[in-house]
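Naming follows writing order (A, B and C), and every chain is counted from residue 1.
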Amino acid sequence: MSKKAQGFLFNILLWAMIAAFVFPLLWLVLTSLKTRVDAFSLPPKFIFTPTFSNYSNVLADGSFLHYYFNSIKVGVLSTLFSLLIGIPAAYALVRFPMRKKEDFAFWVLSTRMAPPIMVILPFYLVFKQFNLLDTTFGLVMIYMTFSLSFVLWMMRSYFESISVDLEDAARIDGVSRLMAFFKVTIPLSAPGIAAASIFSFIMSWNEFLYSLILTGSNTKTATVAITSFITFEGIRWGEVAAAGTMIVLPVLLFGIMIQKYLVQGMTMGGVK
Amino acid sequence: MNMKRLKLLFELETDSAYRLLVAPIVIFLLAVTVFPTLFALYTSTQHYFLSEPYNKHFTGLGNYAYMLQDSRFWGSLKTTFIFMASSIVIEMIMGIALALLMTRKFFGSGLAKTLFLLPTITTPVVVGLIWVMLYDPQFGFINYVLGELGFAPQAWLSGEKSAIWAVVAVDVWEWTPFVALVVLAGLQSLPDEPYEAATVDGANTVQKFFHLTLPLITPYLLIAFVFRFMDLFRWFDTIYVMTKGGPGTATETLNMFGYLTGFNFMNVGYAASIGLTMLFMITAISKFVIYLANKKG
Amino acid sequence: MVKLGNKKASITLVCLMIFALLLAACSSNGNAGNGNNGAGEANGAVNGAESGTGNGAAAEKDKKESVTITAAMQQHSAVDAIKEMLPEFEQQTGIKVQFDILPQEELHSKTELALASNSDQYDVVMMDMMFTTQYAKAGWVSPLEDLISANEATLQSDDFMEGFLSAFQTDGHTYGLPFYGESTMLMYNKEMFEQAGIANPPTTIDELIAAAKELTKDGKYGIAMRGARGEGMNIYVWAGFYNAFGGKWLVDGKPVMNSPEAIKATEVYADLIKNYAPPGGANFSWDQVQLAVQQGTVAMAIDATNFAARLESPENSKVVGKIGYAPVPSGPAGSSPSVYTAGLVVPKGSEHQEAAFEFISWATSKEIQLKTAIEGLRADATRKSVWEDQSYRDKYNYEGWTDVTVQAMEEANADYRPRIKEWKRMGDRLGIAVSEVLASSDAKEALDSAQKDIEQFFK
């Protein structure tokens, strides 16, 4: 076989594999555009008259849209707060002489490891005591526990890659370290911050269990709301697929946006 | 403390200013972790059914004693380990293979890398729902394809034997790309010299892979391992949506068992002891792995 | 593809996020805002309701103006229909209703948490009949008999089918009103019966087995029944066999799950599913059973009476008009149709007891049941007068269906599955045992080991 043909075959093979990985997502989108009869017909239909009725059913009484916005709200707020207290700590870890740095970083990471089943009941009872059940604030607090560890680790590795000389140069020019941090370090790490924020947003967006237990009709998030299409009378697959598509779409778009940082993000800066 | 020192502190000019920077995160995390842990410790010593509030009393280590002789606990522990071990092994092998393929130049490699990562970031609940659809024994796409190829339809998620593998397959689908891209990052950071030297020595591709590549990318493999391990141990959403631990207890992982105990049977005392046991295991194992990683790297 | 390699892009991104946040804040003001307002003013209304029983009706109505109650429900077409009628209810009573809609298991976990912590999160909860004793014993739900008798003139509680209402009664108290009710029946595909030359639907379990055997051929299967584990899943249908073979749940307050009758019933159940159900049948949940009938892949199914509405709807089903309905085949101890009902109960922690009661009596009234049934698709009414109503019978005019259903509902015993406080765990353990037998285990072994575990629950 010639080199060229080999290369061609290799391309085809690789793309077939990629197609296999993407197929389930494609199937979700297709199902969301099918009528119930089309969705269950054998052989499966790839060509059909698309219908948007599933989407209009999902959006009909406005509650799903409301929960969808809840997801956005909780995601954005928990991200902002995590950045606010995570970035300074990450900076401290890198630039200041601190004892037991590794232990500290591991401790922060370990808060992410606690099995939800252990902490969720205590949270439920405390939340009830302080009237935090079914509030955005309560959920934001919970989501911060895992996005924080993430922001800390990722930003730590990002700051490590920025030379301290740049800051020192600014300080020689007479600004305080605080100002140097704001004027030099932060702008330089903007891409890292952007990636970390998107990650922390995706994590809170995808979360299910805490939201299930700790929210109610006001602050429920989209991942929980999608289960309401699993009904007494059967699973409304069309609606499930439409709602699923709506949930997955922003995550995928964000993912494509920060594609360069995805791996770095998912390993909390462990891989650059 | 005088004003000047205070000013220096806030401008971060003193070394102890780091306290100021880490204080918020420490206070926050202490507040949201210490209490639940203490509460879980307390609850785990109680005979406590949420549904029988009139019958709550101290039992000491009773819940732990019950755990030791509860066959369902051991069963779920076994399921967890089968599940983790097979997922991680398959993902590692496939991940390495894929990464090796992707180091070669090919058409649209940038786009491919992006598409490839989509399963990993897809919302787990939705992942579960998608696969329930695909696995459906009567109308699912998978059985349809098998049927066309002349195979008998399978029960997948509902088969006592097949269920756990069906669930593993979903995890492999979701996370192999992640492992592959971590490994790929490792492969791209490889130095050229040792390879040139090996070529001069007449080593073949296979030898090069086992003697050079594998040791060099070990730190990357360890990272992938730690993250997969942590996530798999507490993996919940997808299993919950797909099987809720069934059929029988075929896919009941420790996490699932804990959830059912606490929120289905409302046995919160026992659930707390399961949770604490899990926390202990996961911390110990992660510490050990990270220790290994630091020693190597 | 956007690359965030520079400062500008990051700033854009942050702006985008802030914008999204504002958007979310605005939208939630629009949607959830009324909920918050309601909660704020609600306290006043409670005080009003408590002290104002003697006041003039007008004044009370005035105070009720702002009450908002929250109902935790499962998704159901009746809930959709009720949602649309809510403005009417609000106009009549001044009570606003919010729904928290969740699937069965999730609903159970969440409401039980709320009940256990005496929370005021929910004012109305849709409760599975199997929890009546447990919740009553725990003191979680309010007894309603006083309110019922005070409103008997409009409520007409004796119009509810006996089996359904009694499912919410224990120790002389009534805790809920039935919102949804079903029993079980045998549904069979007449076309397939004809082709196989079987004239009549089986009336005994022996005939059922013979028919299932006969009908399993040419890629079609004899029967589908629930196999998936769960006290409301495989146990729900299996219990019919269990009772039909004369199995007893409790003897002198002690569980007996491994009697010879129990073993025989389990063997028969497993035999039917293993040999004559479609692949994967061992873990079918009810909606897969339903799908199998709708698609014409199985000839028979024993499952909920309300399947009919979806079997006979052309947009869901390929077997419209081809299905026959018959009573559950009988065993040595007779035929045992199931009873399942979901009721609306009022948690003790609710601060709007009266408003909540007003809502549940409205939602279960004849008028609403009939209206939701005629406009929507619900073959699960709980009132006799609805079943007798001509417009209802005209709409659900599937051959023989109403008669068989009403008969099954009247015969059914609320303790078809024992309503004891240990049921949830006991039922789940049994579900595992049956699941194991469906997979491969020996019935005696599986039940023996279930018996051992279940005895622990009673200690």
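Some observations on this one:
Rule of thumb we're sticking to: a residue touches a chain if its C-beta (ideal position, glycine included) is under 8 Å from a C-beta of that chain, and two chains touch if they have at least 3 such contacts.
Note that the coordinates shown come from a computational prediction; the quantities given were computed from them, not determined experimentally.
Contact topology of the protein chains: fully connected, every pair of chains touching.
Between A-C and A-B, more C-beta contact pairs are found at A-B.
Computed centre separation for the pair chain A/chain C is 35 angstrom, with centres defined by C-alpha atoms. Centre-to-centre separation of chain A and chain B, using mean CA positions: 16 Å. Counting partner chains per residue, chain A shows two or more touched chains at residues 40, 125, 213, 227, 256, 259. Multi-chain contact residues of chain C (touching two or more other chains) are listed as 1, 109, 113, 291, 295. For chain B, the set of residues that touch two or more other chains comprises 114, 139, 263. Within the complex formed with chain A, the residues of chain B that make contact are 10-13, 15, 17-18, 20-22, 24-25, 28-29, 32-33, 35-37, 39-40, 43, 98, 101-102, 104, 106-108, 112-127, 129-131, 133-134, 139, 141, 144, 148, 173, 176-178, 181-182, 185-186, 220, 223-224, 226-227, 230, 233-234, 236-237, 240, 255, 258-259, 262-263, 268, 271-272, 274-276, 278-279, 282-283, 286-287, 290.
On chain C, the positions that touch chain A within their shared complex are 1-7, 9-11, 13-14, 17-18, 20-21, 23-25, 27-28, 31-32, 35-36, 70, 74-77, 83, 98-104, 106, 109-110, 113, 117, 119, 121, 180, 287, 290-291, 295, 306, 310, 315-316, 342. Note for the complex: chain A touches chain C at residues 35-37, 40, 61-63, 65-66, 69-70, 72-73, 76-77, 79-80, 124-125, 128, 133-134, 187, 190-191, 193-195, 197-198, 201, 212-213, 216-220, 224, 227-235, 256-261. Of all residues in chain B, only 50-54, 110, 114, 136-139, 152-161, 163, 244, 246-249, 260, 263-266 touch chain C in the complex they form. Per the touch definition, chain C reaches chain B in the complex via residues 1, 105, 108-109, 112-113, 116, 134, 137-139, 227-230, 278-284, 288, 291-292, 295, 297, 421, 424-425, 428, 432, 435-436, 438-440.
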